[in-house]
Amino acid sequence: MQIPIEYYLVLSAFMFSVGIVGVLTRRNAIIVFMSVELMLNSANLALVTFSSYLGDTTGQLFVFFVMAVAAAEAAVGLAIIIAIFRNKLTVNIDEINILKW
Amino acid sequence: MLNNIQEFYNILPIVILGGGIILSVFIELYSQKSESVLPWFSILIFLSAGFYSLLTVANESIVLQNMLSTGGRTNIFYFIFNIGAALVCLLSVDYTKKYGMNYGEYYILIQSSVLGMMLMAGAKDFFMIFLGLEIMSICFYVLAGVNRKKEKAIEASLKYFLLGAFATGFLVYGIALIYGTAQSTSIDIITSKFTELSGNIIFLVGVLLFLIGFSFKIAAFPFHMWVPDVYQGSPTTITGLFSTIGKASAFAAIIASLTALFSGGFQSLFLPYLSVLAVFSMLFGSIVAIAQSDIKRMLAYSSISHAGYILIGLASGTPVGVAGVVFYLAVYTFMNLAAFGIISLIEGENDANLEIDTYSGLGSRNPVLAALLSLIMFSLAGIPPLAGFFAKYYVFIAAIKSGLTWLTILGIVSSLISVYFYLRIVVLMYFKERETEITYSKSFSGMLGVVISVLLVILLGIFPGSLLDLIIAYL
Amino acid sequence: MIDLIYLTVLFPLLGFLFNGILGPKIRSEKVIGIVGSSAIGIPFIVTVGALIQTLSLPVDQRLNIATLFQWINVAGLNINFSYQVDQLSLLMSLIVTGVGFIIHVYSIGYMHGDKSFWRFFAYLNLFIFAMMNLILADNFLLLFLGWEGVGLCSYLLIGFWYDRKFENSTTSSAGLKAFVVNRIGDFGFLLGMFLIYSTFGTLVFTDVFSRAVAFDVPEHIFTLIALFLFIGAVGKSAQIPLFVWLPDAMAGPTPVSALIHAATMVTAGVYMVARCNIIYASAPTAMMVVAVFGIFTAFLAATIGLVQNDIKKVLAYSTVSQLGYMFLAMGAGAFSAGIFHVMTHAFFKALLFLGAGSVIHSMHEAQDIRKYGGLKKYMPVTYATFLIAATAISGIPPLSGFFSKDEILWYSYSNLGIIFWLLGLITAMFTAFYMFRLYFMTFEGQEKFSAKGGSEVGGDHHKLHPHESPKLMTVPLIILAVLSIIGGFIGIPEIFSGEHGNIFHSWLAPVFKLAEFKMMNISSHSHFEELVLMIVSVAAAASSIFFARHIYLKKPAIAEKFSSGFKGAYNILLNKYFIDEVYEASIVKPMVKGSENILWKIADNKMIDGLINSLAKLVGSVSNNIRKIQTGVAQSYALVMILGILVALFWIIISYS
Amino acid sequence: MEQSLLITYLLAIPLIGSLLLIFINKKNEQLIKYFGIAVSLLAFVVSLIIYFGFNDQSGEFQFIHKFDWVKDLNISYHVGADGLSIILILLTTFLTPLTLLSSWNSIKRNLKEFIFFMLILELGMLGVFVSLDMFLFYVFWEAMLIPLYFISGIWGGERKIYASIKFFIYTMAGSLLMLVAIIWLIVYSSNLLGGFTSNLLDLYKTGPTIDTTIQGFLFLAFALSFSIKVPLFPFHTWLPDAHVEAPTAGSVILAGVLLKMGTYGFLRFNLPLFPQASIDYAIPISILAVIGIIYGALVAMVQTDMKKLVAYSSVSHLGFVMLGIFALNQEAVQGSMIQMINHGLSTGALFLLVGMIYERTHTRKISDYGGIAKLVPFFSFALLFTSLSSIGLPGLNGFVGEFLILTGAFKSTVLDSWWFAAFSATGVIFAAVYLLWMYKKIVFGEVTNPNLNSLTDLNRREKLVLAPIFVFIIWIGIYPGTFLKITDKTSENIIRLVTSPQNQLPVENVDVP
């Protein structure tokens, strides 16, 4: 018995909103970055679900691209966070606010 | 893959760019004085790609298994991106020396970001759009923080990275939903299915999320918060890159993917979204710009309000509107590049001379620069006979043609407010005297870049027909 | 000679240009004087020639027009610089050029030694140019050009000695007052012209008057036109309520007062009313208004004249009063009588002023008659001519004053009623009284001027010894005296001269025949009544002369008793019923204060500017606190994005659920 | 219609002149001054050729020269002139050399830029008067702001920054609203004419077909922009500041020509394009004009600064012109056209004189002066003569215009009430009061202020500046036919367009966008 598609979609939507809440509430830059990755993965989940239900491979193909991009983003993001840390000895987003108004 | 030689010629600009990037990496690896060679090499690459695409604007075709379209509007965008990038490199030749950040990678990153833009502009498939967008964004995140020593730059790149990735999350989720409902990621198939899908809420949410992803990129009102900080933090030439061709590429992607959506019967669907965004960005941009004391931050807010004007063109949803948007992007690119070019020339060592009052009395001390900057300021304010005016005029025609008179009136209210803060710079330069002397670097290439862009602005102002006919011919 | 009439206008202009441009370079006053006077003399000769030629023409062809060139030609309005030579304009130009010439000669003497001698003659010639334009014009617009031109020249000439004080303010402010009050009158005249143009479609006299008869225009339009034009006349000829400028006009040199404020300019209003007789005739209410204003001004001015102590002020109020008489004549429909009084008044009033001028000249600018006395033996010619003029103005036969004034009184009695006649009689008595009061205080009685007292204004303080004025000044006096005597004989009323005896009346009759035809309401009064009234008026005048002689010659104490007795009344009259102060307080002060505080400070600066500046400040403050949204923390940016997204999602779901 | 390049030459002269100016080096100021005057005189000569070549029997546009600029929007460089443009061109090219001559030594700092901006300003003004393409008109209309902004900003008085920004934003606000109206009109007529066109002559055909309510809004949009420029009553507060702070040359050109742009705009665009709305709004605008006349005169009476007084007098004089335009009959419109020239001459001369005395004493306060008649006789004569022309003394130019306007307003069927002419005629009285009051305080009386004794009378150059203006003041006063003849057919044409708009277009069921 095939699991109806809505279950997966609800799961991915839930994961997506968890990611959003993570971005909004957490202070640490790395945690924020992880929650963004979480959002991306929830999108991957949705893509895979659609691809399997539609019996069409483009969705899965797209997931590969998304994962590749996520990896690249991770590399660059962490490099930036390290640069911030080396410079200001903190990764807490609230303290990174020289540029304002 | 390449089913015939003609297809190869069509995608030659992208090939030139790709080859350029690889060659630059080799140059960076093997030659010692790569810092002085690379800028001119990348300018050469950009110019050749730009003019080649201008020459072959006639042969429109779909290549790479209808992943990418070439010719027509795409080539025009290619031309804008490459000329803009060439000017950025020209401006940053001496600028990078001033800040000690003239590593070779700076230019490689610019070249790869332009490659990403070109992919986005010509995309016929959401794959290509996502891919192009990500290539560009990642290069931008790094370019923002190129000057590691400067605290502001790093902060800017962090903010840009976090919020950029956040927006990409929405984009991908949007694409997923669209793919789910339309069973394909190719834009043509999706547009053909618009009619029956217009009732499907999942599809509409998908399109909305996709649009939100890009609204972040073009800095429309609710998603603009990152712009002032990133533009102020990152090096001036890079800010020029972000605000001009970075924004233009985002618009190009929206046009590539969603024009069918905006015109057709669906205009009423997303019209409210676009016009609300346009109104808020215009008014917010110009009102807050008045209170700014740093010139880069002021220009950041002015770029937000210009995004609003371009959105008016999009909201009109007609081919005339799209032509208006393309023309506006071209003019806006050259205006902003000239403005940021002049600021980069005047900028002292560590962020000196960025305060607006440092510009007072410039008229008497350096008349040429002052004249160029005031020309640009008048053009940004949209005063004839400069290009800024014609761009706004054309966009307003498109808006009124599709009945958005009230939007145009709000448009002129915001441009009236913007006249004040653009004029404040001119007032400071010519009407006020300044006691203390400010030092600024003499840089031939920087000046050349500025002069070229100002000439382009004046040219487009006096003969708008030259570019406009081209755009309309290949709508 | 008629088509050379434009010379009468051209020569004064040339005189003005010559004196105006070359004047400062020519040192000798002789050349300037000769050029100035001949610029008026030659036009006098041309006018006489034209008169002779017109006399030779048959009665009905005596109106011819000499057109120079086109002035304004827009749509219906077709105005040319063209001059109309008919009985009325010839008569007026005779007066203007004749009396003008005499006064020019006189002023060569009077203004001797003045440093801007050339400027005086330039302005006088310009005045004659404007006056000739006024009386010779063949359309209302050219008349208006002359009308404002004379106003300008009176402004220039009143303020001629621009650095001298005049009654606690400067001569130039007196000039400005004259110009502004004239301008108020011109405002009314303008409205009259507009109404004429919009009803008759033209401004040329001949067409307007022929259409006035032909078109069946409702009477209230005629009344309105007449009243508007009358406002202009009131402004120009100093009737109530706009007469306040004439007494102040005495700030100018005496020849100016003689020429402008006695003989010519002030009579422009009377000429205009006479010229538009058909309009007034077809508006009886307007005629009544003119008459009432006339008699009331005459009476009021006469009362003020009784107590004035400055010689020129007395004459000024007497002019206002005589003008009142002329308008009374116009109001009574006796146009030719009015014009006759204009002529005679020009002669004796000019003489009075010139006489006063020679007195002031010899007394070194002292003008207060209480300091005069017994000048008879020092200045015989002035004394004699002054006496003739005084008797003439009082209306003692056989002098000209009697004929013209009596005719007016008779017509006012026959056309308007007993009250007008009675008031006219009382005014005549007052006139005789103050004229002879002036005469006796100046020429008769013992010398009240202290030997060593000098002139308060300029001049050296050497011992004061009055002397007769030089030849140049006395000859004009004599000529004018002769004219005052014989002037009356050309207008002898029918009862003495038989059916067509009154030459003057028959000469002007064609000009006014349209009005006569319209009025037709002459009630038939017998000659006997006319004779009786004539005797009564002469007796009244003679008695007031003796009464004045009794007070001012025999017992001056009575005058003191009178003035101290009726302290209040005396004071009111002396300060001319405080009219100036009333105007100042009621109109000028509120307007100036109002426009300064309310209009400028509040309306302009506060309201309009305030509104815009506050708008700008509002935008500035809004931008300052919106700016605060950019807190700098990346998460708050993300929060704003999410809010935006939620709103968008919410909107999509609602609109499509 | 044969193409005549005369007007293009007229526009080219100041443009090429200003560009050549850049190559003259800053040092030899004499050459710069002579060059500037030579260029503007050359422009005057060309405008005279145009004047003599103009056939005043036909009310149509002449000297048309047209070529495509932006093909897609059918925007073309389309210039031509009719009677109204000819007299205004003559006024511009007549006043500019005089202003340059008058600011011979009053402009000390960077003279080259000053002459450059003056020539560009002249180009902008001429452009506005000759352009027959709405887009081209708008380009010149706005571009002309920049040079004047710089002139009053760089060489102005103390509060020059506030005044120049206020002037710029004030005019900009009005013209932006007009831009929306222009675009709306172009879009609307694109349905009727098939495709965008901003050619004024075509728009004259489609304008009247718009239904009255929308026509009303468009009329108001245009009217706002022009009445700020005129300035009509409530929008006039920028004028006194702009005048006080601008240098002499700036205020002469500002008063002489720039204020006429507003009235020119009403005659060229508002009336013919929106005939029904013009008739509906004739009375409200005339009420504002009459208020402007009286308000301007009253406030002028209490001014302490000479330039402010003359500025408010301009508000009053242009109130007359507006009244003339909206009386909508031949006399009034002719009167308003001639009055534009008169105001240009008399107020221009007044500003020149104020500038000349300011050069000597560096104060514009009326109270600082007194009794200078003896010291500077020619100046006093000149000031009196100009004040009289400005008051409207018959025989001088002011009267001809004022009389025609008031007669027209009196008998105008559109206003159909006497009160307009009656109330504005009181302006004639106030004009006399404030100008002669100022004249009395400055010229007559004793010399109170000691440092006035060093005053020198006008030198030959200054007399040379004033002479031509005085000649024209007398010429228009005595023989206005020369100028009335030119604008005769044009005003007839405009009135015909307004009172009986014959729209050649077959009006199908136009769907309003």
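Each chain gets a letter, A, B, C and D, in the order it is written, and its residues are counted from 1.
Assume a residue touches a chain if its C-beta (ideal position, glycine included) is under 8 Å from a C-beta of that chain, and two chains touch if they have at least 3 such contacts.
Since the structure is predicted, the reported quantities are computational estimates derived from the model, not experimental observations.
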When the contacting C-beta pairs are counted for A-C and for B-C, which pair yields the higher total?
-> B-C
So, in whole Å, the Cα centroid of chain A is separated from that of chain C by 99
Centroid distance [mean C-alpha coordinates] between chain D and chain A, Å = 65
Centre distance in Å when chain B and chain C are each reduced to the mean of their C-alpha atoms | 79
Approximately how many whole Å separate the CA-defined centres of chain B and chain D?
-> 43
Hunt down the residues of chain B that sit against at least two other chains at once, touch-wise.
-> 158-159, 162, 166, 170, 228-229, 291, 420
Taking each residue of chain C in turn, which ones touch at least two of the other chains?
-> 627, 630, 632, 634, 638
Which positions in chain A touch two or more other chains at once?
-> 23, 32, 93, 96-101
Which pairs of chains touch one another in this structure?
-> A-B, A-C, B-C, B-D, C-D
Enumerate the contact residues on chain D facing chain C in the complex.
-> 166, 170, 234, 237, 240, 295, 298-299, 301-303, 329-331, 334-335, 371, 373-374, 388, 393-395, 399-400, 403-404, 406-407, 410-411, 418, 421-422, 425-426, 428-429, 432-433, 436-437, 440, 443-446, 478-481, 484, 488
In the complex of these two chains, what residues of chain C are touching chain D?
-> 69-77, 81, 141, 144-145, 147-149, 152, 155, 159, 162-163, 170, 172-173, 176, 179-180, 183-184, 186-187, 190-191, 193-195, 197-198, 591-592, 594-596, 599-600, 603-604, 608-609, 612
Chain C residues touching chain B in their complex are 616, 619-620, 622-624, 626-627, 629-630, 632, 634, 636-638, 640-641, 643-645, 647-649, 651-653, 656-657
Touch list for chain C against partner chain A, complex | 627-628, 630-635, 638-639, 642
Would you pull the chain A residues touching chain B in the complex into a rising list?
-> 9, 12, 16, 19, 23, 29, 32-33, 36, 39-40, 42-44, 46-47, 49-51, 54, 56, 58-59, 61-62, 65-66, 69, 72-73, 76-77, 79-81, 83-84, 87-88, 93, 96-101
